[in-house]
Amino acid sequence: MMLFDDYLLLALVIVTALGAVFVRDLFSGVLTLAAYSFFLALLWAGLGAVDVAFTEAVVGAGLSTLFFLVALFLTSHQEEIRKQFKVQMMALGSLGILGFLLLFGSVDLPVVGDPESLPSKHVSSHYLKKSLEETDTPNVVTAVLADYRGFDTLGETTVIFTAGIACWMLLRRSDDSAT
Amino acid sequence: MTSSLPGFLFAIPFFAAVVIPVVGFTNQKFCRPIALGALVSLSIVSVIGLSEVVSHGPLSHEFGGWAPPIGIEWVVDGLSGLLMVAISIVSLITLVHAGPLVEKELPGRVIPFYSLSLLLVAALGGMVLTGDLFNLFVFLEIGSLASYVLVGVAGGRSLHSAFRYLILGTIGASLYLLGVGYFYAETGTLNMADLAQRLPEVIDSRAVLTGLLFIVLGLAIKMGLFPLHGWLPDAYTYAPNSCTPLLTSVVTKVPLYAFVRIAFWVFGMTTVSTQIPILVVLGWVGAVAAIVGAYLAIWQESFKRMLAYSSVSSMGLFMLGFSLGTETGFAGGLFYVLADTLMKATLFGVAGAAFYQCGASTVTDLVRLRENMPWVSSALLISALSMVGIPPTAGFFGKWHLVVGALEAEKYFAVAAILVSSMLTALYFFRMFQRVWAETLPLVDPHVLETPFPIKMSLGVLTFGLIALGLGSDLVMGLIFESAIPKGF
Amino acid sequence: MADIVLYRPHFVAFIILFLLGIYIMVVSLNLIKKLIGMYLMQTSIILFFITLAVKKDSTIPIILSSTTAVTPEAYANPLPHVLMLTAIVVGVSTLGVSLAMVIALYRQYNTLEEDQILGKMQ
Amino acid sequence: MIRPHDSVIVHTLARVFIPIIQLFALYVLIHGHDSPGGGFQAGTLFAASFILPVIAFGIQGSLTVLERRAVILGGIGILLFAGIGLVPLLLGEEFLNYGELPIPGMEASAKRHLGILGIEIGVTIAVAATAVSIYYSLRERGEGEGN
């Protein structure tokens, strides 16, 4: 899996991420973010996570971008240009600590692609071996999502429902006379 | 022992929360009875659950019928049962209290208010009862989304503070998720009990250390532990009065519970005090938080902001208690969590009632309570005595056990921190009462409303609860010692 | 250090995206920019989890033949995929709520810059 | 502000794409068992098929009551999901244990297969309706402004 196209996609992902952050025009930023999502979806398809890639393409690149664009249409497009760019030392310092922790911990993480690593063996091998027999579902991701960890999925659907109620509560004022 | 009871602990508030908007669509009047009915039955079921735990040991529920490392399980044991009882009862009382306020403050948004409050209760229950790290993250996010919106719904400053809360809260949740990822990478499991068995083999791994640090950091943001409490004062000050009692009494306690569960049950006492000594650090952080929070509270003019800083101080005391490393300290910390849940619900309830009736929001304004609102001012008096730690209120016994625990552990800085923070607390409440009772009344507004019955009743019940918890502290401490203490002390 | 860059390119990308996201969330004064940072941070964590699921020479976790015994080494680990499906949905829900807050703030203060909002509050 | 686009190309393409998207969403939903996809993806695609005409043609008149309260349909989707899970709990088994659903003459694995399909339908309804509702909430303007 450690192919050339992985490096290429990772580079593209980082470049688009930087672009989305440093473009002044927020429209361009959001559209660059959509491109970023698509590159991520490609990356994940390449890494074998087809369901995640599909969801990222549909939800990340589609729905999130749509929400961003609607918000931009209703507000303003342009980020304020500030003369003096202040570097926040506190923020940079805490980022340095975080980055150090990430690098410090990374040494003992399993190597990418190692089939003998613990996450690939313990619980997940049960899912791979048994899901067809126990749930009659060839797509193991669906079996785990909807059955073995179906309760998480109920929680996840509830998260979206909570967001729906939340947006209703925050933004709709004039119409709530359903008595 | 497997049981279907934890399943009902999830199903009751969840179904009520989803049914409320569907039913409220036809008639808005149904919302409040459904919400209160659900919380009453939730309280009854959780009390039954706790009594079952005391008599028969922990109850577990395997969702989907899959045994733990494969599926997700919920566990009611002494600690989670106790917290579940506290959450369900306190949220019931605070929603009773919110009834008159919400119709005045949030007209036209009654349906989403009740729905979100119940989703919040369901999520807090889920975080308390779950035995799975990722499931905890999902419920953390449901609860967080609900509380961001309940903070921000009043618009203006409240909305801005809610946005900051959202940004910091999302960083906290992401750090937590990242920590879970590190644990998963090292052990291949997400179940807490399974993780507790597998962690000792890889405890020297740097990834486990980093993962634990990320989880503690993420949860510390969520619980508003000093110095990561940046979102807390504004959010508590500007949140609508109908939401603050629920938000301030339970929402920050549950991430604290998650930390306690991970540190003492998944890692175990010996690991977090010797191999990865985070307890030492957190003890000092707690001591500083207790003093600094109380000190900052003295200088606040707004009553709710003063209470917000006193929450920062209380969070420091809990952390101090849990990190003492003795049974008494742990039990005292837990008892103080329960007491503080009641105290914060009472105090913010008083703040809401005062603003509702006579527009009082600053400490000086509280003078108007004196003549017109005997219920509200006596609730204020008793909860303030409890905050300071005067017997026979619950706050006194909480602090007493904390001090005893600190003396047993021979950690004199902790004793000093508890005493100093109590003195500072006494100072700001004394200053408040001096203004309320010693100053002359500016002008009595004859048009002050009669305190609505739900507010009177809920404040009365909370105040009674504070004294009852104090008088029955031996019983509760016995329960804690018997079934809610982790192994390894 | 050099080892990490050479052998763990995904991890390096994850660190860059994660830190960039948090930095923008905390430091940027534009509310939409903050949310772009939030999106980067959330997706970077997904990247971290997905790399845990990779196995060399494996295929996607869909088991087509029911007769032969399944060798887990031949399929990618499905569990992180499931967790990250949840995380993506959680992310988009948080984004929806936060954009609703941004729109509501814009209605009241007519700006997306945090310092100007704070100024108008005084 | 968002206005309906008056280009012929946009209108025609929108008319062509809406049924295709819905058909694809159904395919994704039903084939979630043995190919990538499932409730969330299908729900988002359905939501897209309802949002696309709003972008292309604009909203005719004001929103209908149902459009304002699409989130209720989301609630019904979740109730379908959780209701399937509640049946085994009321029968004394575990929440969401589809293997114990009271369907006579079926093996546990077949029941689980069916249960997965059922909850995926619930998820699809919930996600589609809620996403549409969030979209409407976001684009609705403040009081008095109307559309």
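For clarity, chains are labelled A, B, C and D in written order, and residue numbers in each chain start from 1.
Operating definition for what follows: a residue touches a chain if its C-beta (ideal position, glycine included) is under 8 Å from a C-beta of that chain, and two chains touch if they have at least 3 such contacts.
All figures in this text were calculated on a predicted structure; none of them were measured in a lab.
A count of contacting C-beta pairs for A-D and for B-D identifies A-D as the more extensively joined pair. Each chain gets a centre from the mean of its Cα atoms; for subunit A and subunit D, those two points are 21 Å apart.
Chain geometry summary: the mean Cα position of subunit B and that of subunit D are 35 Å apart. Separating the centre of subunit B from that of subunit C, both taken as means of CA atoms, is a distance of 29 Å. If you average the Cα atoms of subunit C and of subunit D, the two centres end up 24 Å apart. Annotation for subunit C: residues 18, 22, 26, 52, 60, 62, 64, 80, 83, 85-86, 89-90, 93-94, 96-97, 99-104 touch two or more other chains.
Looking at subunit B, residues 14, 18, 21, 25, 63-64, 134, 138, 141, 145, 148-149, 152, 159, 184-185 sit in touch with two or more other chains.
Looking at subunit A, one finds that residues 50-51, 55, 59, 63, 67, 70-71, 74, 102, 106-107, 109-110, 117, 119-121, 123-124, 127, 138-139, 141, 145, 147, 149-153, 155-156, 158-168, 170-171, 173, 178 touch two or more other chains. Judged by the touch criterion defined above, the protein chains are all mutually in contact, each touching every other. Chain contact summary for the complex, subunit D toward subunit C: residues 34-36, 40, 127, 134, 137-138, 142.
Interface residues of subunit D, counted against subunit B in their complex, comprise 69, 71-72, 75-76, 78-79, 82, 86, 88-89, 92-100. If you check the complex, the residues on subunit D that touch subunit A are 1-2, 32-41, 44-45, 47-48, 51, 68-71, 74-75, 77-78, 81-82, 85, 95-96, 98, 108-110, 112-113, 115-116, 119-120, 122-123, 126-127, 129-131, 133-135, 137-144. Of all residues in subunit A, only 101-102, 104-110, 117-124, 126-127, 147-152, 155-156, 158-159, 161-163, 165-166, 168-170, 173, 176-179 touch subunit B in the complex they form. Against subunit D, in their complex, subunit A makes its touches with residues 50-51, 53-55, 58-59, 62-63, 66-67, 70-71, 73-74, 133-139, 141-143, 145-147, 150-151, 153-154, 156-158, 160-161, 163-165, 167-168, 170-175, 178.
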